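The structure that follows is given in the form of structure tokens.
Should a chain be cited, it is by its letter among A, B, C and D, assigned in written order, with residues numbered from 1 in that chain.
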Amino acid sequence: MDLKIRGVGKSFGGNVALHPTDLMIRHGKFTTLLGPSGCGKTTLLRLVAGLERPDTGSISVGEDILSSESKAVPPERRGFGMVFQDFALWPHMTVFENVAFGLRATGRKEGIRDKVMEALDKVKLTGMELRYPHQLSGGQQQRVAFARAVVTRPRLVLFDEPLSALDAVLRDEMRLEMMYLVREMGLTALYVTHDQVEAMSMSDEVIVMHGGKVLQKGAPEEIYNQPQHPFVARFIGKSNWLADGRSMFRPEQIRFEPGGQETLSFTAVVAQVSYVGDRYEVRLKSDEAAEPWLAYYPRRMSEGTEVTIYLPPQCIQRLNEN
Amino acid sequence: MDLKIRGVGKSFGGNVALHPTDLMIRHGKFTTLLGPSGCGKTTLLRLVAGLERPDTGSISVGEDILSSESKAVPPERRGFGMVFQDFALWPHMTVFENVAFGLRATGRKEGIRDKVMEALDKVKLTGMELRYPHQLSGGQQQRVAFARAVVTRPRLVLFDEPLSALDAVLRDEMRLEMMYLVREMGLTALYVTHDQVEAMSMSDEVIVMHGGKVLQKGAPEEIYNQPQHPFVARFIGKSNWLADGRSMFRPEQIRFEPGGQETLSFTAVVAQVSYVGDRYEVRLKSDEAAEPWLAYYPRRMSEGTEVTIYLPPQCIQRLNEN
Amino acid sequence: GCGSNKAAEDTAAAAGEGKPAETADKTLTVYTAGPEGLANNLIKEFESQSGIKVETFQGTTGKILARLEAEKSNPVADVVILASLPSAQGLKKEGLTLAYPEAKNADKLNKDWSDPEGNYFSTSASALGIAYNTKLVTTPPTSWSDLAKPEYKDQINIPDPSLSGSALDFITGYLSDKGDGGWSLFESYKANGVAMAGANQEALDPVITGAKSMVAGAVDYMTYKAKAKGEPIDIVYPQEGTVISPRPAAILKSTKHEENAKAFIDYLLSDSAQKLVSDAALLPGRTDVKAENRANLGDIPLLKTDWTWMGEHGSEVTDKFTKLLK
Amino acid sequence: MMVVLLSSIWLGVCVILGTTVIALPLAWVMVNTRFGRWRWLEIVFLIPFMTPPYIGSMGWILFMQKNGYLEQLAPGLSGLGGAFFSFGGMVAIMSLHLYPFLYLLLRGALERIGGNMEEAAAVMGAPFTYRFRRVIAPLLLSAFGMGAMLIFVKTIAEFGTPVTFGKRIGYEVMTSEIHKYISSWPIDFGKATSLSSVLLASCLLVWYVQSVVNRKYTFGLVGGKGVRRSSMRGTGWLQWVAGIYVVLLLVVSIGIPYFSVVAASTMKLRGIGLAWNNFTLDFYKELLRWNSPSMKALMNSLWLSLAASTIALILGTWFAVAIGRSKTRGQRTIDLLSLLPNTVPGIVFVVGLILLWNSPWMPVPLYNTYGMVILTYVVLFVPYTVQYVKSAFTQIDPKLFQAGQVFGAKPVYVFRRVLLPLIVPGMLAGWMMTFTIASRELVGSLLILPPSMQTSATYIYAQFEQGQVSLGMAMAVISVGLTTLLLVLLEAAGSKRKWAAP
């Protein structure tokens, strides 16, 4: 029961938000959409949810056509869940009622209270069930939106940046909840995030979009280690470029001690050092490249120091033409 | 012209959002508020902006009292800028007009167009100035809110998670813009974020809040390396705890090779490995602790391996009682 | 309530003193009820004869009375022309009218309809009859009681006496002649589905368009006017007699243009004004002026009507009648 | 009297139901289907409301009555007439007359609810009816409450239809009772006032309920995040159903009464009925002569209602903003005060105004001037603008104003740049409403117009009184046509708005 997207495109009065796109979202997997702001992620989710009608192409789940030139299954009959980027909580309902809505709407009568309280507990909102959305903080609202989307255990959940307003600790916990839903409950998740750590650590598949087009899709490590496109290389993780402009390597591959056989070595000058919590980010100026390279180092280095750095040649990735 | 907050507290119908708090936001510095969702960060910003009246206490800038028992300077005469957590863009104005508002409101006539276009350029929205907010993606809207807040170069800008909807690349650029504003233009920034890397790398001072109270404030490295409170230790960065529950160290301090003198060593079993883009996160089960420890490793380890790990003793931080 | 006469006069007088006197008294304000064409013609002629500028307010008798009442503390009108005699009697009783017994030609007026003391003058009148649609009714009824015949079931309108002064005149007039026994006629109407339908014109209109066949107590001049246009309609006066509904004019005591008001009354009683009245298919108020295009007073069989009784029992009869026909 | 009062109230309740049944689907259609893009339809749907109520009822009566136009056109359908002359028919006529009122309010609110509230419900699996019940209806409630209250108040204070139609079917209401005391000898204002105060009391009750509901169910719907509207709504067969509904409503609410009105206005002899040789345009020629009384009346109406509705708009906006969400006692008092003029029958209120402004101690000699007419109109119609603007205003998220303040805008500037543009649609709707009512206002005008002056409404009324039905009908067609034309032009000029909500 994979979700198939074939040739789906959408524009808004002349502005192309999504070029015709083919995608396959595999059942029971965690698929992440990554891409810069305005690249069409929300548009894609809205098309899948049935909130927007595609200009071209078709969307189907298994054999069921959800949307095509001639047909459109309305959103309420798709059986999906969604966390909206702007939450879209109902201002006239309490937190409890917001979360219970999906259960009631699909006619469930029993166990509503338990299910809702469990979902609220998962998002750490126990005790707030009688508040109205306007009485909550931004992050609390987002968690309500999250609980609301998953409480019904829909077959596909569309997450549009569901953790953007949460702090790291909470985000970790919610991530676990999402993993649990996908791995144990067999949900399919289509997930939009800006957090690459999130994307890398949770996803079975990552789809990188840019300007309304899909640039690359694949397992996280594949995307990270073998970017096919300069944009992907730059967008996912940090990248250091060689002078030819088509070869790159990742900062963490830089070693400061010679190791093993067959390593390339470069000399560079420390241009800038900044502290990022658990390590230092070092910018190195080298003759090999136009832009300075980035490297990580566990201790503070002083700016201006000349260093020699080492790099295993297999770490250098050559990309196709843009 | 520091901003002084003395004994300011606020509750909403019985729910205390902010306990009486003393703070000092230093002029021309970048101060970051960190804290879990619902801890009162937005409330504090709104009190400073004058959108909420404190129940107790006073707020002043230099000698000017902004808000006290007897007096309240209205928001429009405080001369601040603000990025609202939920943007608060005016739906009836184009992007251009939204950004130009502050300039026009304060009676500026000349150079509006240039200033606005420059601000829009900074947030990468050139070409969208005639769109209305509903024609923008979430991240684009947030950037409009950002541009609107800084275009007037106010003396103090309150940023309520201004980058939460942006991807890493954009966020980097916007961070640079913020740094520029504070370091070169002499603005004061009071900044709410959930991104600890951001908080660590940009701030002159970090304030950690929890449950409406300030737990600790200080320079980023101080907060990270010498947390005074278990909550702070857990909330900022990853922490590994010893069996006594009061001593902790950071994951990056774990070494897998014995180095130098006077290192503690522990044996542990690899319980879980996960890939986070530029390295692997390894969870280690050790007899020394109840919870598994976290460590980073550049290559994949296989689960179940027994390893010996080393730790310089000065890395272990003893905390006061909770 | 309407307040005592005394109080009303006092305020009126006080108001009069408070205002500066008119410099050149060449204005007059007249409140007049129906037919508009006639009122316009009369006023135009009067203006050209006298050089006085006349402001008019036209409305139903009810609207005029309401306006007078509302303006009581600071009256505006000088002369009123109403379509209901009991209302004029009422005004007189309240002491709101100014007596003008010297009016020229007043002696030639129909005695029954005008005040011997000169408080009001019925300068015109209409007769009430049965208006019928000539396409629907081939042999018109000759008696009021014919309307209770089963062939006319649900086909007859009667104007609402609470909205139409003339319908009230008809009902009270009929009762003042027949005594309490007169009610049996209206009870039989009720049984035959006679419908109470708004004021005069509203009762007549469905007959013109053919929705109803007849109106009991129809105002004749309206019927004549429609007939003159060519509408399929006519009127008969039942042989047992009918009621005349006079249209009194009066000067208000509060007037600040007494001379002009008197001149206007004189004009209304003049030959040329009476000619205009008769041209409008109304009965002239003066007995010595004959109508040319309609039935004259002499040709209309009349009931014996007691206007004093009618004036006193108006509201009581209205209540009883509207309850009965509801 | 109790019975009559109850009849009034029952009529009010039924008309609320009737208007809701008509206006709600219409508002939905206009917001969610492509018909919404035809802005001129908006004005066309106002036509029933522009039509003086007694003309509308007359149109229906002429159509449905025995030997009426329906019978002349389709003799087979004459049975319908009987069923029509009933309480149900009266409710239908009044609802068809008043629905634009509710429609404009509901449409505004539906637009403000915007896409995402309903979208979220749809994605959660809620079918349309459920969505409607749980999401749309509660969010509409505050606007609906205001509309329903005005409808109720208007219905029980209405005089035209009860007199033309109610009398005919023997349905007595309070206004006819009150009217009796005020228009036949002996005039008794005291009685009329005390009866009116009964009406007033029931209106107050309705206001109270409404204000409680309103306080509880008003939500900030116009927020600070741009809301996208789904492009999915109203596709396929729904468009067809919507189309049929719109056409049907146009036929019933405008087609039928105006067929009668136009037919009656072009007949040489009304006794002859529908026939080509009975057709004439003489009445129109007579009316449209330059400098004729009818033209003067028309012009009077035009500028009086322009002036009055504009003043009412300014005052109403000011009130609405002052009332806000009626949080404080003071705000609630203003709210109530702004509604009061509407809770009693117009005629009683107008008499009161005359008593006040014509009293000897009044220093401003306003009575019997145009000023008095405008004043009366304004006082009578301010409640409509207040409710329209309030409905738009209270649903704006206060953060939008706060943002203005933070960026250094003084209250006046926030008002001008943020608040005003956001409530302009509500203001425009309110203005159109008041302009429409003012241009056909009769009861007040009849009593309060200075002598020798007419408006189109009093002119029409006079023609009816004179038996010149055709002339009156022709005048009604002309003045409604003129009003429509004016509003369409205005709408065309003002429809440059590009942003979505509100």
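Following the convention adopted for this analysis, a contact is a pair of C-beta atoms (placed from the backbone, for glycine too) under 8 Å apart; a residue touches a chain by one contact, two chains touch by 3 or more.
Just so it is clear, the structure is predicted and the values come from calculations on it, not from any experiment.
Chain D has the Cα centre that lies closest to the mean of all protein Cα atoms in view. In this assembly, the C-alpha centroid of chain B lies 54 Å from the C-alpha centroid of chain D.
If you average the Cα atoms of chain B and of chain C, the two centres end up 88 Å apart.
Taking the mean of the C-alpha atoms as each chain's centre, chain A and chain B sit 21 Å apart. In chain B, the residues touching two or more other chains are 86, 135-136, 138. Residues of chain C in contact with two or more other chains: none.
For chain D, the set of residues that touch two or more other chains comprises 225, 227-228.
Contact between chains, as defined at the top, is found for A-B, A-D, B-D, C-D. Those residues of chain A that touch chain B in the complex are listed here as 12, 15, 34-38, 41-42, 85-86, 135-140, 142-143, 160-161, 164-171, 194-197, 200-201, 220-221, 224, 234-238, 250-252, 274-279, 281, 296, 298.
Listed in rising order, the residues of chain A touching chain D in the complex are 46, 49-53, 72, 74-82, 84, 86, 88-93, 101-102, 104-106, 134, 148-149, 152, 154, 158. Against chain A, the residues of chain D that register as touching in their complex are 115-117, 119-128, 130-131, 134-135, 138-139, 217, 219-221, 225, 227-228, 230-232, 235-236. By the touch rule above, chain C contacts chain D in their complex via residues 1-2, 11, 14-15, 18, 29-31, 34-37, 55-63, 65-71, 73-74, 76, 84, 86-87, 90, 133, 135, 160, 162-163, 165, 168, 195-199, 201-202, 204-206, 208-212, 222, 225-226, 229-233, 314-315, 318, 326. Contact residues of chain D toward chain C in the complex are 61-62, 65-68, 163-164, 167-168, 170, 172, 180, 182-190, 268-273, 347, 351, 354-355, 358-360, 367-368, 446-447, 449-452, 462, 464-467, 469.
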